[in-house]
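The same subunit A turns up in both complexes below, where it pairs with subunit B and then with subunit C.
For the complex of A and B:
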């Protein structure tokens, strides 16, 4: 911090803070608590609740000389304001004196609380916020013991207003601080809730259909200083003080949000520990204090009745429960018999430790380690990705963030928040996408390209590219070339595996040519569709183009944590042709139904491990609930198979596996669980006893993780593969080209078990321009039949005038196996 | 010697202090703290709102409460919330009465019953059915079906606390 510091005195404690700091934050840094309701360190101050009133004195300035007026002792003469001032809207000035512990201030606080409580229902015993409620705590600390208002005159308002199916409003409890409304406007940019009416009739209403239609809505319950907003998920589930907190990492996208699982025993589950709610855990370098609603509400699969807890072996055509030894012996026997014809197919939700053991087993067998993913480029992000000391939360002027082929709001919500904030701080955001996305509003330059033309769009940014570029490309290229730092983020909008490979290669090539590698705030980021796809690449896995063919030729197929048969009938057919099928999973899936041997694994919240986020931050998660039945962690199952084949493999401790990873992978060198568990003080201070300040976000005491180095930052020679052949965009006369897009609430195998989110899940909807629909005699809401690989699928038609002509969009993971652009036959359903 | 004999003779004619328990039971003091009971309103609805404050106040963690939401079709208590599970481990309980003090609706009361005996540890856990008072005459057992709009408050109406 090169800025000059401002010196002031708060309660006789000298404090030095950067200019423009607010008095309330300056006091917090000095360890003095000024109570607040409406102020939140992540929101703009409004000074609505008047709880933060303090006495402020400023030194008198001599107007002629500009010097302080001094009294006989030489001390500056102070001028106190005749009334109290709000600490949350007043920036510090040089020589300021703040008094927060005088009788005048105490009186003001008491009276403000008395006013706030005039119509508060005092139903703390049943309120879900009771126990972690700022109003409750501050009333105990500063409030009057008695009220002068008549108890019978309390306003009686609606107690149970569903703003949406996720969030409930209790109108009586609301103290009208506006934190929720401001969060939705300022941070989430989803102005779907607002104040309506005035005075005592004021209420929060939702302006969207469905109600409270925002993927960040759960965060408003965290920052609500009373129990006015609560989640449907945690309604009457437990009292906050009864909950134990287990630190974890969200597993639903590549951001790697730090979370806490709140667990408690439940009689309905036979006295087992169950997860009661998911709360954010502060990590200013990853998710700050926010999480999206998918992360908050999609944990229910862990308690699903479809969990499988006993190994199974196929006998006479049926899967019969068996003992571990029997199942593992059989797998080992088959592996020995088939040798190198092993194909291991791993999913992106496995931890690094699982993947390392799995890769070791596959590698030593001479088999093929395949990643189940439609995105590529993990080898490139490991080399030219963003190195340590890169913080999306600090990017600003002089930095270019180029987002290509990505609907970030759906693919990685928290990155959307942070990149939007970076753009608002002055970073230049260039968005290249074939259609409008939520990020466009914050972009300095928006470039549209036709689906399939992402490489051509990117080539304009090449240093040698010249010629007359059309606007807005020319100004975007100029911004790009003038930038000090460049981060390129690519997604999977309209891309298949081949397209993704080509795009990642082009992005990496551009960064290398423009020397935006190996330095902090420079590099390539992939918006992976699973939590640990980056880790899987780092452990040696990669996706292949001819998956079906490879599977059908395999002697032994070992499918872990994925459901290829459920996703794609072609893969199901291929699995039928493959030799011996071993499936390792947590839930019943189509692939499990085909298995010759099934091995029950533990969900990630039932064991420890580590994930590598899309930013290549290695983060550790801890066991939260005990594993059910006869399950084992994935790494232990694989290790036991390896041991039966006469090899050594670690089956007890994931910590020791990480040490093995550190010894073999230079990016993971020096990584161990102690390092990942290290924390340092983060600003603003959150989640301590002062819940009124930051909300109910948890303080991070269990580890901030560590950023992995890249080959470029280690100054190693790069090993960039040759450019893959440019993919051909499928356009055929008489056929409609359908491109896959990613939706946050898809019908993925984990998400489908959370009933609360069912209303928001994506449907098999084909979205196209009205003119395109006209050409196929289709209209909005109509059902059509789409012929994909000779299989007919029913889709609903939706229209969107912003889309380019001649193509249609289909969300991934909604039951139709579209993983790459494809020309399909389409006809109205007869 | 006579003095000693006199004492013996005196106590022979005295009324004995022992009583023939269990046929005969000694009345307890007004503030005696015996086995807990969960009270009902006159209409049969439960007073307990499942707030868990008794469990929080309990110094020996003898109480376990799990709450759930009332509906008009299935109503246990007048407010929004009721205790789905209510268990007291009588082996742990020290009969301090803190739960009674903590209860905001006077639902849990330590009564006169001191006759607690069990043959194994599991039997020492008193469930909600065992603790609930019988339905008063004229009342209905819970869950009740109640008219819509009758119970709209989150907690039962209480008198001015002052």
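For the complex of A and C:
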């Protein structure tokens, strides 16, 4: 920033801020609180609530000379506006004098509050916001002790209006600041709530189906300055002052949003500590102050009655509860007997520490460490990913963000928000996808390719690419070539593991060829489908093509934090054929039902650990609630097995495991838990006195994490594998090619336990173009039978004219094991 | 009920042609007039259809319908008789006039006559304080003013409206 600073004084304190700063923000930087309701530092100001009125004087300018008019002392002569001005809509100017502590201002605040409270029910004792309510706090600080309006004449309005099944509106508490409406318009771009009527009748409405149809809806309850908007989850659930805050990281996608679990002891639960709600925790480099509704509402699995808390051993065909020693001894005995024929299959929600111990065990046994994932390229992101000092929140002009094969809004909601914002700041967004997604609206260039043609689409961007490209590819390529910085983000739209591997390789190759590696704001990012898939790759795990075959040949199979049998009958069959099956999980699953030994693990909020996000930011989560029953952290279970095999392994402290990781992986070289726990002041200020300013998002006191270096940023030689064979897109006469897409609210093994989100979960719906449906004599709403690997699956047909002809889309993780494009037989259900 | 696109295909094209493609949301007001002309009110279905035509959220359309007092979501009579009873009008006898009008039609404020022709509404400020009692008649998207009214002059207006209602819609004025 070369812009000159603007100098002004606020309550006689000199302040210097960049031009265009609003008076309210300038005051905040000087430590002066100007109360606001409608203003929010992440939204455009509107000046609706009048709470921020201040006195503003400006130096008189002599029109002829353009100089300040000065009095006898040489001080600039000030001209005060006859009325108070709104600090939230007034930008600073040179020489401005702002007074916020005069009687005039105090009177104005008192009167505005008295006015706002005329329609407010003052039901703080039963209001969920009570205790963390800006209206309550500011009334105590600035409001009149008494009102001249009659309490009995207050307007009474509906107090329980469901704006959907997730968010409730209390109409009489609403002070019509419009923060929620503006958030949905400006930030989330889901204009599904709005004002209706006017004057005293003004009210918030929603007309969408389902109500308040936005995956970001929960954030409106954080920025609502009163108790008008509350979540169905936290409504009447607890008082804010009873809650303790445990810092954590969201585990539902690769973004790694910083969150807080609010917990309290509860008599209803036998005095146990329980999670009452999930709140965002500020990290301006990751999620700013927002989280999506999946992250907010999907934690309920932790209290599911299907939690397993005791080790079990199969005896006479049935799983019987056992003691840890007995179970672990048996596992160790089998491992000793079968040696190298161990296959460890790990899920992407495990922490780095768990995965490190698992990998060590598997590796020293000579076994195979397999990642349960349909995406590849973690080895490449570790080398040419985005290095430290990259901040999606600061990308702007000069940057190209190329998003390929990704429905970002569904795959990584917060990245969607941040990349949309980057595009609005001037970054050039290039979207390559086979169908319309919500990112298109912000893209400078949108390129459609046919499903299966992602490599060809990307090849146009190669430096030696010919000049005879058709539009819009030609302009997109030109933008790409002129860019100073390039970030490529790939997802899993229509891809299987082989396709993902080939695409990641092509993206990495393109970045290397165009020298967009090793520098901040350049590199490759994968929109992983689990929180710690990147970490799993970094710890040595990778997915394999022939998973079923590998499992069926294993002597001992060790399945951790994943449910292959529940996902895919083929994998269930493979596990039948595999030798001894050890399953380690937190919930009852189909795979657990097949286990020879079951080992009960702790959910991640019951212990500490670290996750590596898709941006390769290493972040730490802390224990929030005590573990139930006889469970152990995953890393400890694995360590105890290793110890029984005569090896040393850390079972007590995840911090010490991270030190071991740091000693073996150069990207993690300087990482330790103290570093991850470091914070620095972030703007805008959250928490503290400032609940009225930023909302109830938590201030980050427990650590911002650290961005990992890449091989390119460390200037190490790259080790890029040979190009994998290009996958063949399955097309067969008489069969319909079905491609998998990723949905935020899928039927994953954790999400399925959150009753709150049930209505929004994806269904096994096959979506296709009307003409394609016609060819199969299918119509909307009809049930059809799809034959996948000889297994019939019932699917409902939906139509979408925007889709290409001849293919159909099926969401992943809805009970049908479609993990790659496949040609299937389809017929109407008879 | 017929869709707007079927009833007013040409009109919709003419309206949309007035706005650049990326600003077509600006056509929301004229399309709402059309919807109200079609059925005297704006139904959920009409709002949904307008939202789809303009590629905006139905909540945005509903918000605009809610803001303007001359857009009606609730069904009413073919003619909505709107009487102003604000203070200056009341001083000139608007309250009494409204009472007489209700008696004449045999309905209370907010109700519709049995023949479905008239709904009486009480409104704020019709900008004719000095010629009160005043009422306006809203018929679909059209408005006519009647100032300096007595119950006798109002009766003439109502008789005239009854006659008009018998003529086929769209007939010669």
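By definition in this document, the second predicted complex is superposed on the first by the 828 of 830 C-alpha atoms of A that agree within 3 Å, B and C clash if a C-alpha of one lies under 4 Å from a C-alpha of the other, contacts with A are read in each partner's own complex, and residues count from 1 in each chain.
Everything that follows uses one rule, which is that contacts are C-beta pairs under 8 Å (C-beta built on N, C-alpha and C of every residue); 3 or more make two chains touch, one makes a residue touch a chain.
Keep in mind that this is a model prediction, so the values were computed, not measured.
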| item | value |
| --- | --- |
| Subunit B versus subunit C as contact partner of A:191, first or second or both or neither | second |
| Greater residue coverage of subunit A in the superposed arrangement, subunit B or subunit C | B |
| Subunit B versus subunit C as contact partner of A:66, first or second or both or neither | neither |
| Subunit B versus subunit C as contact partner of A:725, first or second or both or neither | neither |
| Touched partner set for A:470, first subunit B, second subunit C, both or neither | neither |
| Partner chain(s) touched by A:82 [first = subunit B, second = subunit C, both, neither] | neither |
| Partner chain in contact with A:206 - subunit B first, subunit C second, else both or neither | second |
| Set intersection of subunit A contacts, subunit C complex versus subunit B complex | none |
| Contact footprint of subunit A on subunit C as seen in their complex | 44, 47, 56-63, 65-67 |
| Residues of subunit A defined as touching subunit C within the complex | 190-198, 205-208 |
| Subunit A residues touching subunit B - in the complex, by the definition given at the top | 121, 123, 125-127, 130, 146, 151-152, 156, 159-160, 170, 172, 235-239, 241-242, 265-268 |
| Residues of subunit B touching subunit A in the complex | 49-53, 55-56, 64, 66-69, 79-81, 84-85, 87, 104-105, 152-155, 160-162 |
